[in-house]
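Data block below; observations after.
Letters A, B, C and D name the chains as they come in the text, with residue numbers starting at 1 for each one.
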Amino acid sequence: MSISLGPNQYGKAENRLVRVYRDTARHEIRDLNVSSALRGRFGDAHVTGDQKDVLPTDTQKNTVFAFAKEKGVRSIEEFGLTLGDHFLEASPAADGARIEIEEYAWQRIPVDGAGHDHSFVRSGGGVRTTVVNVDGRGDDRRAHVVSGLTDLTLLKSTGSEFHGFLKDRYTTLPETTDRILATSLVARWRYDHTDVDWDKSYDAIKALLLQRFAEIHSYALQQTLYGMGQAVLQQHPEVAEIKFSAPNKHHFLVDLSPFGVENPGEVFHAADRPYGLIEATVVRDDASDPGSAWHGVPGFC
Amino acid sequence: MSISLGPNQYGKAENRLVRVYRDTARHEIRDLNVSSALRGRFGDAHVTGDQKDVLPTDTQKNTVFAFAKEKGVRSIEEFGLTLGDHFLEASPAADGARIEIEEYAWQRIPVDGAGHDHSFVRSGGGVRTTVVNVDGRGDDRRAHVVSGLTDLTLLKSTGSEFHGFLKDRYTTLPETTDRILATSLVARWRYDHTDVDWDKSYDAIKALLLQRFAEIHSYALQQTLYGMGQAVLQQHPEVAEIKFSAPNKHHFLVDLSPFGVENPGEVFHAADRPYGLIEATVVRDDASDPGSAWHGVPGFC
Amino acid sequence: MSISLGPNQYGKAENRLVRVYRDTARHEIRDLNVSSALRGRFGDAHVTGDQKDVLPTDTQKNTVFAFAKEKGVRSIEEFGLTLGDHFLEASPAADGARIEIEEYAWQRIPVDGAGHDHSFVRSGGGVRTTVVNVDGRGDDRRAHVVSGLTDLTLLKSTGSEFHGFLKDRYTTLPETTDRILATSLVARWRYDHTDVDWDKSYDAIKALLLQRFAEIHSYALQQTLYGMGQAVLQQHPEVAEIKFSAPNKHHFLVDLSPFGVENPGEVFHAADRPYGLIEATVVRDDASDPGSAWHGVPGFC
Amino acid sequence: MSISLGPNQYGKAENRLVRVYRDTARHEIRDLNVSSALRGRFGDAHVTGDQKDVLPTDTQKNTVFAFAKEKGVRSIEEFGLTLGDHFLEASPAADGARIEIEEYAWQRIPVDGAGHDHSFVRSGGGVRTTVVNVDGRGDDRRAHVVSGLTDLTLLKSTGSEFHGFLKDRYTTLPETTDRILATSLVARWRYDHTDVDWDKSYDAIKALLLQRFAEIHSYALQQTLYGMGQAVLQQHPEVAEIKFSAPNKHHFLVDLSPFGVENPGEVFHAADRPYGLIEATVVRDDASDPGSAWHGVPGFC
């Protein structure tokens, strides 16, 4: 019997980096959660315990913070690509690097109608994410960027139906032509290449996802998601494919008839568990080969 | 030796109620988490197990949902007062009722520059709260309202100093005239009476807290909080006192000197634990007697 | 109009301290979460921003870690008392100190039937807690200890009834003579004095709470809790009073009749929210004055 | 430009099922969290909104609860296989089904030295998991079982070194021959076939993982994990491969020298973030083809 090491990676997870730009009195901040991981020929570290090929996770952490000053943090995608390439240079045994970054949004606090120079309040409306995978160096280098958003909680108080579904002996769900549709959206889209205006693309895609969720008359969460993804692909040639993971956050109409009270779509119980979970991909037929793009993308690999 | 029942209360916690107003095509929603609790002469339920005085928590839940239709949900304060009075009527053994409500904020999704009629995205910027305590009925009735907000995450990238503090043999903290100040604010203010325009008062107090956090040059989180509370009391005669619980969310300047890199206030590590925790009250000297107002107010009783 | 500072305190929360005793090859570990807070005459820190009376929270943190070596960590109650007295010495402006400690339990990993010398697995079965409040110094010193446990999840699959309760027009709950009773128990007991064998007392009280939960035939969670508390007071003269906060974690019998399947108490849905919440105190009639004992005890003040 | 639906699945997540066996007065309980998902030819549901092929997630939920009575819950693996096969029968458009189950452990409460008949306390020591993937029906059926455990928190207070690693200009970590090693282990192993005594295999593998963690003198978490996996493969021919995801939960030795206090490996700060994250696979060289076995396995796909 022979036993060996299979796929593996290691890194430093959740470096909570805040970068302040204070070149003028009007500060800018970027608030990130950065995780790095290296994969490759690390057999000795596992099998014999020899760490000669292992760049410590502590060093990876130091690098993340140092690069925030040395290289700067513009978009998270660019920062991820810079880190990925660096770690492949610094670690000869690595074949690939994955950099995952979350960015938390802040708004300037309004004072007398204007945003304050250096005081901020954290916004809701979702967390921006990216996962950058870089394989190889020099001519063999391939870089992939999958960006997205999480924790974007959406609700339609009407304009949602669900009927005509398959039934069996365990089906008790009534059909409906009017229900609440709510989700906490996770979307991840793979860029076709890296020649992208990252911040501009993110802002436009987020706005489009919101708009389509609002506009589409829903016959199922699946159809809503497909329509949202279709719009992104139609309007954003830089996107090769988009994936969604969307809990159907059930809002149950409360039966008030025992109390002689009617409830025509007005009072709901927002349930926690169980929830429907809809996962779907919308893809351009001539999309580029994903390669390792989805490697280590939370919830989508 | 004699043993007896001391203070007690019971109720239904965390009823997740969503109320949709659909009188016109432009829907309104209020998204609440409602908890009720009754206190009083419930000795039999505990000592002998006789439940004759106990209005079940299931009934309390039903009432919350039924009242959302029968009485409607305007402000959470008014809804809490209505529920409190009702439960004291419904439960003769109860001497007091506490109703705690959280409200989650939603914004209309923008479509072509206007907010959509029935599609919403959940906002950040804190959770609105109230705790209503009602004691007694009829002429003996006293009602108290403590409203507030939680999860309001704030940050100043400069304008914060900390020095001149007491030192002992365990003190290693360097003094500083420029640091990041950040907190996740919890504020709770006690209204002096119940003749209040609740939504208007909440919006104004929240805006004022944000503004003062931004404007005050900070010598300590204590002094910032005091200034914020002072402004609320000065501008809002309806508020008798205000309490804060504010973690000092440390942002440590990262030492990049081992890498030959300077870090003049630009790169920070946002730490999780431990954190400073500052709790303070600002009170009007002629404030009314709080009575049971702070009973069961999470974190402040 | 005059505005002033009311009650306030400050400190360092959630110092995650692990203390290893390695005097022999058979190591012992104590794994703690320590929070300290000082209260008293800190008006200047708030009103003018002058920090001359403020022992920094960073110093409090340093002290916690240094004392783990200098004084050692035997029981959490003793460690809390030691820290409380020290902070009152170190901070002349303080009138009182509160030390809150959680302890996480670990078991030795079994190897060939014996516990390993230095390898451990974290146990379940609840978190041990204490809140120590010390007021004053020297002859005026008063010290209070409230110990307890949290996150002790308990379930009875029968032996629980609920009927004979008060009904009104919103009552739909059927009466039952057989249901699941489940809770995630929080118990906090106030010691009458500090001349206690802390570890021994904790172990015995925890075992007794478990045993009584098992033995008592329940007519309501209230009656179960009262019986548990009564037993503690009867058998532990060192305990002055005990308080409980216990969610009624509802397990709903699933209606399988639409599928022609009977369900005689066998298949349940464990619901998240809402939940009943039962809070009760059992007290010795000749209990000592609690003084500040319950100050800052989470969920019970 | 042409756009189409890519991989997708849908189902009901987190059905919290408690099954009580009460054939005798000595009850047995199994406490599960069950999620189901179907994948296949569901294009119409997404593209046109026609739900004729969609067995509602509500029906999936009903089936989980009904099967708990009709088929019974012995091991979670067997329950998962039964559900997977059923859903493929019930849903002609589905090509595959994934059933994910977590099981929470309970112990009988000790009363007078014996475990109580129907009163239980929830244990720690990790959560048992399985992910079952079934593809196809009849002769084409292939079934895969990946079982494991999560939340198993382990610590060695010595017997862990880390040195000889790769260094670059960002490396500041000192080498050490004695540190704390701690993790919250996630392990998932793929069974080579389904002819397994599931409960027996789980218990033995868990015990072996614990034992090897204790016994192995560690030169890195990677080497510890490899040794743990190697032992499982050597002693369990029914296991084809095993994967680990293990945070390196850093325990930093606290520098007490500013206070004139030595700290020879006794006082540590348990940090939250960032943490190392080590992921590795140990595989039998003649392992069977995994097929869809790792589809939808949280953290490992």
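Methods note: a residue touches a chain if its C-beta (ideal position, glycine included) is under 8 Å from a C-beta of that chain, and two chains touch if they have at least 3 such contacts.
Here the structure is a predicted model, which is why all the values come from computation and not from measurement.
Residues touching across the chain C-chain D interface largely coincide between the two copies, over half of the numbers being common to both. A count of contacting C-beta pairs for A-D and for A-C identifies A-D as the more extensively joined pair. When chain centres are defined as mean Cα coordinates, B lies farthest from chain D. Distance from the chain C centre to the chain D centre is 31 Å, each centre being the mean of its Cα atoms.
Between the Cα centres of chain A and chain D there is a gap of 23 Å.
Chain centres here are Cα means. That of chain A falls 38 Å from that of chain C. Residues of chain D in contact with two or more other chains: 15-16, 62, 66, 170, 172, 258-259, 272-273. Within the complex formed with chain B, the residues of chain D that make contact are 169-170, 172, 258-259, 272-273. Against chain D, in their complex, chain A makes its touches with residues 1-16, 35, 37, 42, 45-59, 61-63, 66, 90-91, 162-168, 170-173, 218-220, 222-223, 225-226, 229-230, 233-234, 241, 243, 247-248, 273-286, 301.
Touching chain B in their complex are the following residues of chain A: 15-22, 27, 29, 31, 62, 65-66, 68-70, 105-106, 109-112, 116, 118-125, 152-159, 180, 207, 210-211, 213-215, 251, 254, 256, 258-259, 261-263, 265-272.
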